[in-house]
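Each of the next two complexes has subunit A plus one more chain, namely subunit B in the first and subunit C in the second.
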Partner chain A sequence: MYNKKRALYGISFIAPFFIVFAVFNLYPILYSLYLSFTDWDGMNLPSFIGLRNYSRLITDTYFYTSIFNTLFIWICSIIPQISLALFLAIILNQKAIKGRDFFRALYFFPNIVTPVTIGVIFSLLFDWQTGTVNKMLLALGIIDGNINWMYSPFFSRLIIGLAICWQWFGYNMLMFMAGLQSISQEIYEAAYIDGANQRQIAFKITLPLIKPVIIFVLITSIIGGLQIFDVPAMFRNAPQDLIRTMVMYLYETGFTRYHFGYASAIAYAIFIIIAVFSLISLKITNANKES
Partner chain B sequence: MTKKITLALAIFVLIASLLTGCKSANEPQQSNQAGDQTNDQTGGSKELSGEIVMWTYFDQVKWQAESFMSKNPNIKVNVQVFPGDQYENKIRMVLQSGQNAPDVFDLEEAYVGKFIDNPALADLSAMGADKLLEDYAPYLVALGKDKSGKIKAVTDNGSPGGFWYNRKSAKEYLGTDDPDKLSEMFSSWDSIIKLSQDVVQKSGGKVHLLAHFSDAIKIEALSKKPFIEDSKLTIDPAWNDVLDTMRGIRSKNLDAKLDPWSPAWGAAINDGSVIAWAMPSWAGFFIDNKDGKANGTIGIAKAPKPYFEGATMRAIYDKSPNKDLAFEFIKYFTTDEYQVENLKETGNIPAKLSVYKNNIDTYTDPLFGDQKILKTYYDIISQVPAHPVDRYYRDSINLFGTAASEGITKGQTNEQIFNAFREKIKNAYPEIELDK
Partner chain C sequence: MKKFANIILYVFLIIIMLLCLIPFYSMLISSTHDNTSITTKLLVLPGNNFLDNYARLMQTVNVWRGFLNSTIIAISSTALTLYFSALAAYGFSKFQFYGRDSLFAFVVATMMIPGQLGIIGFYKLMNDIGLINSYIPLIIPSIANAFGIFFMKQMCDTAVPNEIIEASYVDGCGELRLFNSIVLPMLLPALAALGILSFIGAWNSFLMPLIILIDNSLQPLPVMIASVRTQFTADYGAQYVGILISVIPIIIIFSISSRWIMNSVSIGAVKG
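Moving on to the complex of A and B:
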């Protein structure tokens, strides 16, 4: 009787979360799965069309282009982002560095700026006619005429990748610093006594010991990076075919064209792609652990 | 036992509060209709009374509702403004579900075609709208008709488009700031290209006649055959000339290469480095006119083709219990009296031809100095081609505009641009049969 009562109290305490989750998460997830098998414009009732949305998706070149764009932008973002974050974390973890707190706050600052603002700032910086970057390069005599950055398949994606990198490197730096601070000082002291130099300490002690943090950062970056939307969406001056990411395509299909059924199918395809990438990274990590 | 009941009640209240959609205070209430309506001399209704809910994306509607209520004190209009691009989605969802739907709502010209054939929009023809629109510019009537020819939405503004120009720069580089002379000079694209060359030459490339070659798309689009009719895509061969014109402007560096609606484009309007921009009549907010410093510095000339851009269309929810009140509200905006008041108070250019005719020699807007802008706009509004709209009409023009702008910038041929456009149509509307 007593246990039953306790259980009831327990259930009543956790119920609010599950109710909210069911209403605002589970129901939309299941409903969008249902919608992915329908043709629905949001005004008439959804009509069931079986797997037609998915068969269309398989042959949709726009979708494949959006996957390519997403991966391109993600790679342009993640490589400098993690390298820079790790480098700065190791530097700022040195006790000898003065003003560490100031630099931590400074590097974290871009993360509190909204992605929309970052998108607009970079879009203006690289504007073809009035952008600061072109004006600067012209003034320095590096270029003869304005470069139309946004019409270059390489530069347009690279610039968006760098904008995202600028936004997130500070956050990842803090993650790495938290990992670094959890390493026992005794290990470093032992390394000094054994005559290890800074490079050896970094590669032989620090990096192996913060590997779990690196994995965490990598996986969250994959999940977040494959869902990029707001920063590229602010680059209105770029041909959308060059910078349209998977989530931008989902938004365009759902909320510009109002093909909610097809947009739901795209959403599930994105979910599968992210799941596959996350599983691959987990697999690689586990394989390394086993070896 | 008491504890159990209390616990069960608490959980019930929690679930109920989460699952129950709060009934909106804005939910339409049934109107009290005391017999047939009769209008007084000011256009107000003495007999109808009650409250209606109005949804819009346009803040000025609050002023419009005040104006209506001052003439119709028995009818209260509860205006709900939803700014931003999610309004279209919101109204779409509410019309589909019917939950808390407004009695009357606005639809932007850019997407009215997507709604016009939906049964959730009341048939205004059956309520007598045709008679109200007898003196309207024909294209504005067509804009609110569904495929069976019934009126489903009504506007109170014409939104005619023309070349707004910087008077000082026009005088310096074109030799005149007279709107009639400039309308003549801007009457063909060949003439515009020639003028553009002169401006670039005289200014040493610092000043341009046009901000972006894509102005040609919006000016020319309404004079071309619609891209999609009867679920088939056709590309009017006349677009070849337009693309050649655009290519000519860009290849000779005759435009300022400023993307429309970009910050740099907005800045050029105010600093005079671009002389003329294709602008709709409602675009005055782009002009930096703090303390009236821009008054008298802008003029309006006709573009090579008459066109319009954007108009606020007003419709009634078919299942509204207050359709009579809502129609009274819509009817008010079609009156001469209101459209004159709207013109004078807000600068919104009217939809009704009689309002132009009656004010053509007297109305001036401080921004345009002593120019009788209704004269210029009347010439435009009375010649804009009338097209029936559907869900494809405006979007297909936009998709073509994107393909053309990107194609010309990339140096593509007309055929490559047409193919890129076909790809865009195929992706956006797979049900459409392509011409190739």
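Moving on to the complex of A and C:
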């Protein structure tokens, strides 16, 4: 039967994925699990030490600080990001606004700039001696002397959050605009005939209808936000204890201090943290769907 | 009243526009001044030190080389992602075989694995088989792009009619030739969108090349920019030139094809 032959072709077409995945993803993941039970410095053979890496991790204050920093930066980025994106999407969705395409493209542009470059730009902009931001504030008379942004526990993380917000708000705006366009025009017309004003339309119709898009954006942003590395890693002018994220800690432990076994344990801990956060947000989504 | 509200809206839009542009403007202007001016003055107009800054940068870090490296890596991995995602998607979409649906569910599930979970094992494996300082660990994994397969399968389900496959089959067309010459062209719009997404991803990737490529002359642009940041701590002029060079090509490409890029990103997110 030709069906059997066809089945073989089908299998051979999907085979490259599974072979490459097994070699370059699955094997390294399982191997990392093994390494997380060893003490490996990158040179000698890994020696098995049982759960020692994990018991060390549970009491490692640097790791807890890195979790805290990551969440702090994520919150500083997600709140302005979502509100700005939503607000701009609602404005730019109105046909009466001139230059919609221009604004849309301009707001989206930072999203395709290399994250490393964004990190360097923002860390230079907010440099306390040479940064443009301090000089602008001085020139406008808002401050009397340079502010040392990077040495402030609040501002250093806030600025990284804002850099990430700057990178992503345009992307989320595109998502929200796609969501808005799927809302039927008739609903708006009906509301308008019933005498609803702009604010009522925004809060009673638009927001509830694009809630699924907002939740989708939030969930993807949690998964991405817990893995931030490129942007904060470029903030060399800040005390690293203030801005070190989880993945930065993983990188430093492995590739600058050569504690590869311990770094593998950190990688698994990050994985568990991301899984927990994803599960929580999925639970919330489902609870929302049912209500 | 309506007019007044409109003015406020435009003012708001323009303020956000300025917030988007000021970092680029500041970078552009600063790259043309010497370090003393950068450190002491608020610079609004261009200076004439660009070439000096550029020369100092090029003495230590050859950013154009990084540019070439990035292009090689991004184009090869995008090509692999496109071909093998479409091939696997076609396999999942148009063939019947045992365990097909659970294998597809597995592919989708792998999208949830964070990228750095296996990074230490990956590094050790590449170290053991002598692939440090090689592009293979950066390019070959692009064959296994779960998002690409997921995205292309939806396109295959809708854009490739079964009748055409059956007709070509009756005509005695071989399976692989059928895919290459009939199915692949039908998927072109989807391939274009996926191509943009995976090119941007490969162009911007940082952590993997950072650990795999030790040799400076092999590194892609983001890794070079990061090393400019560490090597030129006090030389701001050179740093600004470095990031300027990394941004200008993106500006040029985006101004030519912004509509296409934004459409691809929207389609990718909606389908994904």
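Everything that follows uses one rule, which is that the second predicted complex is superposed on the first by the 288 of 291 C-alpha atoms of A that agree within 3 Å, B and C clash if a C-alpha of one lies under 4 Å from a C-alpha of the other, contacts with A are read in each partner's own complex, and residues count from 1 in each chain.
Keep in mind that, in the parts below, contacts are C-beta pairs under 8 Å (C-beta built on N, C-alpha and C of every residue); 3 or more make two chains touch, one makes a residue touch a chain.
Because the structure is a prediction, the values reported are computed rather than measured.
Asker: With the two structures overlaid on subunit A, would subunit B and subunit C clash, or do they fit side by side?
Answerer: Subunit B/subunit C on subunit A - steric clash.
Asker: Looking at A:Ala139 after the superposition, I want to know if it touches subunit B, subunit C, both of them or none. Which is it: first, second, both, neither?
Answerer: Only subunit C is touched by A:Ala139; subunit B is not.
Asker: Considering only the touch criterion stated at the top, classify A:Gln129 as touching first (subunit B), second (subunit C), both, or neither.
Answerer: In the superposed model, A:Gln129 contacts both subunit B and subunit C.
Asker: Please tell me which partner, subunit B or subunit C, touches more residues of subunit A.
Answerer: C
Asker: With both complexes overlaid on chain A, does A:Met43 touch subunit B (first), subunit C (second), both or neither?
Answerer: Only subunit B; A:Met43 stays clear of subunit C.
Asker: Output check: A:Trp149 vs subunit B and subunit C. Expected answer is one of first, second, both, neither. What do you get?
Answerer: neither
Asker: One more residue to check, A:Phe271. First (subunit B), second (subunit C), both or neither?
Answerer: A:Phe271: touches subunit C, not subunit B.
Asker: Could you look at A:Ala105 and tell me whether it touches subunit B, subunit C, both or neither (first, second, both, neither)?
Answerer: Only subunit C is touched by A:Ala105; subunit B is not.
Asker: Just subunit B (first), just subunit C (second), both, or neither: which does A:Arg56 touch?
Answerer: So A:Arg56 only meets subunit B here.
Asker: Contact-wise, after the overlay, does A:Leu88 reach subunit B, subunit C, both or neither (first, second, both, neither)?
Answerer: Second partner only.
Asker: Between subunit B (first) and subunit C (second), which does A:Arg257 come into contact with in this model arrangement: first, second, both, or neither?
Answerer: Only subunit B is touched by A:Arg257; subunit C is not.
Asker: Hey, what residues of subunit A end up touching subunit B and subunit C alike?
Answerer: Subunit A residues touching both partners: 8, 12, 16, 20, 42, 124, 129-130, 236, 255.
Asker: Can you name the residues of subunit A that touch subunit C in the complex?
Answerer: Contact set of subunit A toward subunit C: 3, 6-14, 16-18, 20-21, 24-35, 40, 42, 84, 88, 91, 96-97, 101, 103-117, 120-125, 129-130, 132, 135-136, 138-139, 166, 170-171, 174-175, 178, 223, 226-227, 229-230, 233-234, 236, 247, 250-251, 254-255, 260, 263-264, 267-268, 270-271, 274, 278.
Asker: In their shared complex, at which residues does subunit A touch subunit B?
Answerer: 8, 12, 15-16, 19-20, 23, 42-44, 56, 60, 62, 124, 127-130, 148, 151, 236-237, 239-241, 255, 257-258
Asker: Would you pull the subunit B residues touching subunit A in the complex into a rising list?
Answerer: 4, 7, 10-11, 14-15, 18-19, 86, 89, 92-93, 95-96, 114-115, 118, 120, 256-259, 262-264, 267, 395, 402, 406, 409-410, 427-430
Asker: Can you list the subunit C residues touching subunit A in their complex?
Answerer: Touch list, subunit C to subunit A: 6, 9, 12-13, 16-17, 19-23, 26-27, 30, 38-39, 41-43, 84, 87-88, 90-92, 94-98, 100, 103, 107, 110, 112-125, 127, 137, 140-141, 143-144, 146, 149, 175-176, 179, 200, 203-204, 206-207, 210-211, 221-223, 225-226, 228-230, 233, 236, 239-240, 242-243, 246-247, 250-251, 254, 258-259, 261-262, 265-266, 269-270.
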